[in-house]
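To keep things clear, I will list the structure first and then write my remarks on it.
For clarity, chains are labelled A, B, C and D in written order, and residue numbers in each chain start from 1.
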């Protein structure tokens, strides 16, 4: 799809079999809705609410030629790059986090030309999703003007029709597929998110197909009891998969904190063995476990319990901060 | 301010004495922040969460030459028109509601040319506030194209720089003042809204000065306990006034329902006496009571209790609907 | 809508006829942008019968509400219409779902309709000094611009069905032909005009109004007589199936106080 | 930032010096867009001392958070940085508060800074086949474009302070003169570059970097030697007041594990 092509994007929505009923399905069936060459937008942000079950499913189903977009891309991007699933990433930042330094995976793949990195400012990419969510071809912004980022992704400086001032038009991004992890969903696809919402609500409306994993599958009554907590309405969603602890080793707000030691070990293996460190991780954590439960069984229960306690402590306002 | 002048709008924000502390004040002092000739945006929608204490204050302080904007304008617009406070209204619809027919007040003031009505589509006006909230001079939309509304308020059809397609650019609206009524606020101006949020969060960010009345003044801890419920952050707000039952005779979601009989009597008086019906209403309900409490005392306690019960019933999901 | 509460002599009123005809246009799994009044009643009725997974969306920021019997709402922005909703949000975001393409069906009314399906709810006479200042667009312009299929529901009177509306509040086919698309409206169209006399559609090329069906007991000539411009009338105009007893019973049960039905 | 943890020989490390100097720039009642690391520590420190009503905003959608001692965050998008916030929202909306003009102060770092205050955190070498692919802008471009006053905080090394950055990730004064404004950036500016050697600002006309102060024990020539282009150096360069014992005690108490301070 050409950047900003709101007409094709809407035609795709209209062409879809209308699907207001049951959305609950398996990760395998949800994953089959992704095709080789698709643009897949990943919800959450960095190591928060990364939809790891669907990331693993794309790896297990051996998708190829994907374009991957995410506002701050983390190790899920590295896994998909090393597995050869990705031709291009669209992001404002890629790494694990400051303590782990530059991403060797990113450097190897981009510097060699095997993967193209289309870089946007954080807001610039956010507005691209938002333009998609709004069904318009672009949004005007003041960010990125005067920078070399203007030329990387195809921003267009335009004259404001009212003031004559220069503003930056960023083209709408309409992903083929969005993959998201949320706190609660019902079988019709309604979703609740606790805490910060990252860009998930925009990504869901912008994408042609929306796949959601949820910590908990709840009854529709939960939504009728708290209607102002609904972040994504069901008619936007195509598939819902139950994935408790599904953002591990990252975090899910209020429920469990990121296990930073998991990333310590992951990065240490890369520093030790290069891309083979990632391949070993893939074997153990992605290709090994046949089900979500088998994957859960790989985590040390005491660690999981500790991360849950940390999550509760950090989001408990009774715990004094400075 | 010229339509869409984001530069002047931001200069006004920057020129304001930064004010991150105490915002709790009286209606009188809050009302003094509105000047003759100001553009005042009214929060809520129709008879929901109308900031009646501040509307009464503008009337009591005899503001003149106001431009009034609201997405669906209700009887607060009529009161201000009949009192001679308003030169122009900017809205998508004006009336009380379908059962009461065309607004005689609107007809008399607009047909005579005393008040100009700048009409936008409902979304069109919403996007003008949103553009203001975003700090950009305009937003593109597909609405209003092909209609005579394009010429009324100054929309501009423009060519999309990516697709070449025609989109409608609606200019940002930066009100001088926003007046809002919310469920809960703290003394630093943080606001919570229950249920539907209308356009209040956008209006607050778009305006140069923001005046809020709240059903309840709560401790900052309430916000730290439910941070994802905060609709408007304190640094956007200039004044907070405590106004329990402050949206009566209209509704406040979850707390009390609109007293439709109040509007029956109001409209009956207009049908009977024309504009004098409104003037008598002003005398009794606006100029008469010197304080918010005196105004509250004018309502029949049994009716207030009934409307509270209706409000609870309607928002209680345990009450079966069809 | 004067006359809408009059009995048609066939066991139902004009408003009941409009409600039933509107409900029949709704299909299971669809999302419908419904205003208050008959369209809302029609949507609830459809959900209670042939379209149980109909998603009702109301411009006040309300998704998938139920209704309390005897508490029919007066506006799109109140607790009565939000009862047991699965989602409550802002008004602007609600319309943006329509702009993105999520809303299948929309209903609007209006003071005047012209032969291209343009609707006026703004002014009779010139805009700046109108003879009659009507309430304004509200969401009507947005619904007709952004929803996939739009139905105009109105009483059929010659003073309403005018050759050219005084003011295009809500664009139907604008000037006919390709002019709607040329104005930038690539999506949505006025699919049908539902009146108390019949169902009207639009010529595929010219985009002028044509009669597609008459209701029981109505002749094509009666429809033409109640229309202020020349209608395209095919040689063979079908008659709609009359409201069934089941439809009427259901519809009436949803509005026992006859707040919308009169 | 190699060398940042080295003792300066004056009783504090380079990173402590940076933290204290950054904290001093913050004033009561201001809103500050703070990333993780030293800027966040500086903001918390300011709030604990001279700016109790400082509003900290974090791009992950976090307003006015507190911190748990010993749980300093690693990213702008996690529970550690959201602790006891008064508001949590979306990332895009958070940046839009900055675009509207609500954010007074922003801090950024970067791999390269040039004489116009442009910052590179994208690539060393050509964009398409870089010699070093750096992580990217994140929010740095947005902060420098949208906040009112922006401070660049970095270690002072000749390889960082280059005549022209390989890639302008975050525009300072672009090509100097009026070029930032001509590009459409009417607001915000790089007000100061805070390094371990001194404080630098920009000429009012040319917008080229100049030395404004040196830290205790540093000479202007040492600053020039650590800069890859010619600095404007006034004849009389003031020396900053050294971190006080109180400042250092407070700063260290906020990072007992020396996660940010090294």
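By definition in this document, a contact is a pair of C-beta atoms (placed from the backbone, for glycine too) under 8 Å apart; a residue touches a chain by one contact, two chains touch by 3 or more.
What you see is a predicted model, and the numbers here were worked out from it, not measured in a lab.
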Other chains in touch with both chain B and chain C: A
Partner chains that chain A and chain C have in common: B
From chain A, the most remote chain by mean C-alpha position: C
Between A-D and B-D, the pair with more C-beta contacts: A-D
Intercentroid distance (Cα basis), chain D paired with chain B, Å: 40
Rounded Å distance between chain C and chain D, as computed from the means of their C-alpha atoms: 58
Geometric centre distance via CA averages, chain D-chain A, whole Å: 29
Between chain B and chain A, distance of the C-alpha-averaged centres to the nearest whole Å: 37
Touching two or more other chains - residues of chain A: 7, 135-136, 141-142, 165, 167, 195-197, 224, 227-228, 317
Sequence positions of chain D contacting 2 or more other chains: 82, 84, 88-89, 96, 99, 186-187
Pairwise touch network: line, ring, star, complete, or other: other
All touching chain pairs, where touch follows the definition stated at the start: A-B, A-C, A-D, B-C, B-D
Complex contacts: residues of chain A adjacent to chain D: 45-48, 71-72, 91-95, 97-99, 102-103, 106-107, 110-111, 113, 116-117, 119-124, 126-127, 129-130, 141-149, 152, 157, 165-168, 195-199, 201-202, 251, 253-254, 257-258, 260, 310-311, 313-315, 317, 319-322
Complex interface listing, chain C residues touching chain A: 28-31, 53-55, 63-64, 82, 84-89, 96-97, 99-102, 104, 148, 186-187
Residues of chain C defined as touching chain B within the complex: 36-37, 44, 48, 59-62, 65-69, 71, 74-75, 77-80, 82-84, 88-92, 95-96, 99, 122, 127-142, 145-146, 167-171, 174, 179-180, 183-187, 254
In the complex, chain A residues that touch chain B: 2-7, 135-142, 154, 156, 158, 160-163, 165, 167, 169, 171, 194-197, 221, 224-225, 227-228, 317
For the chain B and chain D complex, residues of the former touching the latter: 7, 9-10, 13-14, 18-21, 132-136, 188, 190, 205-206, 220, 223-224, 227-228, 230, 233-236
